[in-house]
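See the structures that follow.
First chain A sits with chain B, and in the next complex the same chain sits with chain C.
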Partner chain A sequence: MSKEKRKSLDIKVEGPMKEEGVLLTCKGIDKSFSGVQVLFGADFEMNYGEVHALMGENGAGKSTLIKIVTGVYHKDAGQLYIDEESVEISNPIEARAHGIAVIYQELSLVPDLTVMENIYLGQELKKYGFVEKNRMRERTLDLIKKYELDLNPDATVEVLSMAQRQMVEVLKALSTNAKLIIMDEPTSSLSAAESEHLFRTIESLKKKGTGIIYVTHRLEEVYRIADRLTVMRNGEVVGTLTKAEINPRTVTTMMIGHEIKTEYDVQRTFNDDFVLEVKDLRYGDLLKGVSFTAKGGEILGIGGLVGSGRTELLHCIYGAKKPSGGRILLNGKPVSRSVIKNINNGFGLVPEDRRREGFNPLQTVEKNIAIASHDVIANALGLVYAKKERDWAEKAIEDYDIRPKNRKMIVDNMSGGNQQKVILGRWLIREPRVLILDEPTVGVDVGVRAELYRFMRQLTESGSIIIMVSSDLFELVQVSDRILVMHDGVFFEEFPREKATQAAVLMAASGEHTEEGVPLV
Partner chain B sequence: MKKKLNSSTIRRFITIGLVIALTALFSLLSSNFLSMYNLSELFRNAAYLGLIACGLSVVMVGGGIDLSVGGIVCATGIICVHLSDIGLSGYMVLILGIITGGAFGLLNGFIVTKLKLTEFVTTLASGFLFFGLGLVFAYRDDHGTLMAHSIKSNTYLSLGQPLLPGGFYLISLVWVVLAIILWVVMHKTELGLYTFAIGSDEKSARMSGVNVAKIKVIGFIMSGAFSGLAAVFVTAYERTASTSLGNMREFLAIAACVVGGVVLGGGKGDAVSAFLGALFLAMLDNGLRKFGMDSYVVYMIQGSLILVAIAFDSQFAKISYRRRVKEQRLSAQTLTS
Partner chain C sequence: MKEKILSSLTGVWAFRVLILLIVCVFMGISEPRFLTIGNIVNIISYISVYGIMACGMLFAVLIGGLDLSIGRVAALSGTIACIVARVGGFSATWCLIGIACAIVAGILIGYFHGFLIVKLAIPSFVVTLATSYVIYGAITLLSGGSRVDFVRGSLMDTISNARIVEFTLSSGKPFVIQMNVVIFIVFAVICWYVLSKTTFGRRIYAIGGNTTAAQFVGINVFRNSCAAYAISSGAACIGGLILMSSTSYAAQTLGAGYEGMVLMALIVGGINLAGGKGTISGAIFGALLVGIIANICTLVDFLNLEYLKFFQGLIILIVCIISVILETRSRRGKGRKAKQIAEMQAQDE
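Moving on, here comes the complex of A and B:
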């Protein structure tokens, strides 16, 4: 680090001066990635001392806009202004120099160092080669007092709560005189009480004149802290609302836009003789008593925000996580707590993180498909015949149109859609009775999606149950026979297929009751 | 706000407690355990192991491992005897020994950071390399058979002589002083802080602007230099450099670090941990042998202790984690109330 920068730290430790007026303006920002335009003339403006929320569905362009402001991406057209002066930000270091700091979802703190050591990491105050811990401590205390935070400068970061760690991140940003702090879904890993803690920190920053861009999926947080809200959709800024204008209906309509829904004409019959019952399931702080019944032949969609406990619910049913309370019954019999036993009893899981939990990326298609079926293809001694394995894989490749049609293909080298077909095929070939899908089409292109939906339908027509968690509202509404929306650790509303709309599901996920849904709490 | 003991401090007290307990046990069981002569021998042995362990602890705190320290001791020791043979004084040999060891460490650091190989594989291989290098320079008779070669330089030999009439060697004093200096370096300088940062979370450290490669290279140089220093002293004491010099020392040094509280994987521990760990292992060795135990029994006990230490540290980490979760709950409660 340059001498100059260190000097500037010595002079100004109190953080940004209280300033008035416009802090940041983005005008007509365009951005394309390899020919695909993802931002269309985005306009955005924010003031000193303002908390400006930024919302939009996944892929709406929020992250791209943020990354242009922080110098990670380069805009194709448009202009950025800071303090109403036109600026060029071509890398993150320049963004820092302009007083822009980002707090990422994944925190960048070192757990074994203390609070002050983390704040000054990479920019230590030194004298004769020794780190001046006393001066660093004093300055950290000054900052803590100024923003009225509850932190001990000498506490090791590993003993801090997530909310406190975020405060350290904020202090780290303030120690370099940040006047604009961008928070990217900061509450996704926080409990309710911890979020409250963070909101207080934000209030305190606001009072001191710091501007905050708050990227979130949670509408209730927007009411709580935002002064203004900008909504993005498909790479465009749909509009900016003032605090008074923010209401759930307006926001969800802005986020979803015009809804197209295919008519539902097929009459489904559900099999009452085959039911999966979950009763008052609890898992730590995430699941606070979840109950539902799924019938044979049904695709049960589960909606809700990321981090609302959906994945944990699926893992509990599958036996991969141990619930802290409640019962899971299949046809009245308790479901085992062992994944292996459950697989043998007809369960299957397509996990959210397919690279880490779904497949073995460096293995072939054949091995990845056969791995879950060794109970069928191994002989009494547990030996697996290569021929059986091959037949098994070739059947799956043929039935589920896995491309390229090569059982020796390394899965890592395949497209996202075909990787997903491999994992889905692994289970479908076993004709599972209960198939659990967690975000089944993330990174899968549209054409393959339709195929996956068809395979899912085929399975339920044979009487099996599918439980599908999805953040893709369109998918949830189109594919599910029934939708349960999670909010705050419980099922909040239920939507029968014919009533479900994306806007209504989104509202319920944000903790707002809707006309379309059946309230469960 | 009340200052809470952090897990490192608690771990330090546990190690000190172990050393004290062992001292008490052996001094009760054997009247001459605390004799001047025995303590002097004990501290000489501990220092030989401890110097290597202290250097190694820098690499280990940074999240790495250095399996080549045994090889470095061997090669440096033999090179030092050659240096003294060509007429250099003992003090020059001392300095050059440190430099030679440091240079070996630099090579390790270069391979790890530039070629991006893992520490484990790199130093496993380079350890063999250094050991082979030592054999190349080893003294042989006319038939090519390895032979003992006595050091002639008096200044060199004086490094291995007791400082006081009753005992106590220079190596022990150097060890104590260097361990303290290294503690200061690790806790009071940027180099030390960065080493902890890298060992604790390399990615975060890099994102905060820490030059990870530089710090890692310095760590390896320190590890090599400390091993080189140990080699000079041990050759001076033994009056020769044998090819078995440094054999298996890397594992004992790692064991010393681990027993003392340096966590494999980095981020926790320091030179004082290595110091205490080496003292503990040397004391154990000394005491057990005093009761006429065979060396294989000593090995078995040492091995078991290392397992216990690792198992303890993993449990200890879990307990600290639980404590943290509990505190988190408490602070969340005070928030809501």
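Moving on, here comes the complex of A and C:
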């Protein structure tokens, strides 16, 4: 930042002035990535002092639009206007100069520094090369007072709650005189009380004239704070609703669009002799008494928003997390709390984040597949039979069409779809009785997805249970035999396959009862 | 097959052999005594302690840890063995009891490390550095600060100095392979077998590669990590016993600085300090290189003892730099090639 700019910062201690009228207008924004168009003439408008929510499924184009506004991407066509004057924003620094600030999901604070130090990180107030701590503190206090925030400028960020950290991010934005703050799913890592805290901060900002674009998946938050809502789908802006027009049915229809659902031709039979029962399962604040029964041959889909406790439920069933209450029974017998015992009893888990939790990036396909089957490839003393290991891996590579067909391939160098096949194949080759899948097709291309679904079907045809958590509504509705939707730590609604629609599942996930579903609370 | 030969020529091992050759030829020219059979046997004997400790510490490094206490653990092991054996006047039985006590103590220290590092999530270098001071103090308390001699000719002598193979070469010089070399080779073979042929070895690599993923396939990270640290400390104990035997006494200063040398050996041997990658052969190669450099520094006359450490460090540093650069380059090259293959095959689909 130039000296001049720093000086100008010094003068405007007050933050953004309360202004009226249109703050930002996007007109006909187009954007393509390597030939694939992801934004089609997107229009968007927002005013000073407005909270404008932005919703849409994953891949709808929300992030792309925001990244164009903040100068991360360059638009192919269209025009941006700030204060009704056309502007070009070609990089994030220019965006900041125009008063646009973003608060990302992953916060960018340094945990070891104090609130004040974080706010002025990289733009410290200096005199003769010395940092002016007192002046920085004064100005931080001014901002805190002005927006009525509950923060101590000398507290280390490490000890703050997530909501407070977000306030620090907000302050950081305000310290550079931001008039437009973009929040990208700010509540996904907050508890209910913390979210409420954040909403109060947002209201305070709004009163002072700051405009806020609020990207979210949660309809209830839109009700709570948004003045207007813009919905995007497949790279297009479907429409903008005023506060009065927002209702769940309209919003979900706008988000999903026309639903195509392939009909079932096969009558599925479920096996009553093989059941997994979960009774009143509790885990901290996340699971507040979850109960369900899954039968042999069934693919049970679990829907709900990210952070609603779905992953924790899966980990509790698998034995990787210790529930704080409740019972898990397989055929009436309690399921062990030890992962390895469960694996030997026919359990398997495909975790949510394959890179961080799924595979060993340094090892070969062979080792990554065999690691879950030491009971098969080794004797009781723990001696591995190289030939058995090799045959086991080659069978999996063959059966599940893992490409390239090379057991010595380092998994890190493979495509996402094939990495997922390795992790799925590691379990499928064992013919598990209970297979637990957490977001099984994230980052997997369409062709491989169809294959994965086919493998899942094959497994259930042999009488096994599959429990699948997915945020992909299309996948959830297409693949599951039954869908349970989680909301606020309990199962909220149940959908039989015939009745499940993406819009209905989405509504239930937002805590709205639907006609299609069977209410469980 | 042709590709196999080609890749082995350009692979990591080709590079390792090359470095060894360069170092040996260089040494051979500058110091003719270097290439005598007697000296080569001497080097192998000399590196046996490094080699054993490197093989042991490899387990700790593979799970993503470090063990900086091995030098002090080695000293402790010699001291314990001698003090216990002294009770029975260094009779064979008491010597065995002493040795057993030393190794058990080492394994317990390893488990203690594992507990602190895994259960309490304290960084491994902090834990092992701290315990190394504690152990140093403990040795002083045990031995009263003075060295503990053992009776010559007792079993303690045998640990390092027993002659297993002995004959006279045609040149009239004796050719001797001592017990320490045999212990080193046996230990290295066992470690190699455990790492490459057993489920325990598989688990060690899995933990080092991705701890969370390892937990999700039912690996008990705590138990296996503890075992890895125990092997590291146990190996340090064996190394310490050999050291004690060859110097004919136990003292708190024996083994000082070995952790640094062993760590360097592992780095030179291509072991990933972040865990999950590395082999016994790499560890032995590293120990060999570090040992050869130390040996030449003692052979060459113009190097006074004061300069020895300086040159030793310098040469190892240079080898480390070259080794790390070449290793990452070859790995990247490999990765790129593999990615190309994957892409080509994906296009085929």
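FYI, the second predicted complex is superposed on the first by the 519 of 521 C-alpha atoms of A that agree within 3 Å, B and C clash if a C-alpha of one lies under 4 Å from a C-alpha of the other, contacts with A are read in each partner's own complex, and residues count from 1 in each chain.
Convention: a contact is a pair of C-beta atoms (placed from the backbone, for glycine too) under 8 Å apart; a residue touches a chain by one contact, two chains touch by 3 or more.
For clarity, every value in this text was computed on a predicted model and none was experimentally measured.
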Clash or fit: chain B against chain C, after overlaying the two structures on chain A?
clash
In the overlay, answer first, second, both or neither for which of chain B and chain C A:414 touches.
second
So, does A:349 touch the first partner chain B, the second partner chain C, both, or neither?
second
First (chain B), second (chain C), both or neither: which does A:384 touch?
second
Which superposed partner A:367 touches (first chain B, second chain C, both, neither)
second
Touch test for A:122: chain B only (first), chain C only (second), both, or neither?
first
Could you say whether A:131 touches chain B, chain C, both of them, or neither, answering first, second, both or neither?
first
Determine, under the contact definition given at the top, whether A:339 touches first (chain B), second (chain C), both, or neither.
second
In the superposed arrangement, does A:357 touch chain B (first), chain C (second), both or neither?
second
Applying the stated clash rule to the superposed structures, which of 23-31, 131-139 or 185-193 from chain C runs into chain B?
131-139
In chain A, both chain B and chain C touch residues none
Quick one: in the complex, what on chain A touches chain B?
1, 107-113, 117-118, 121-124, 126, 129-131, 133, 150, 152, 154-156, 158-161, 164, 191, 193-194, 196-197
Interface residues, chain A side, partner chain C - complex:
318, 320, 338-343, 349, 351, 356-363, 367, 370-372, 374, 378, 382-384, 386, 403-404, 406, 409-410, 412-415, 418, 426, 447
Contacts from chain C onto chain A in the complex sit at residues 197-200, 202-203, 205-206, 208-210, 212-220, 272, 276-277, 335, 338-339, 341-342, 345-346, 349
Per the touch rule, the chain B residues reaching chain A in their complex are 1, 3-4, 6-8, 188-190, 193-194, 196-197, 199-201, 203-205, 207-210, 267-268, 320, 323-324, 327-328, 331-333, 335-336
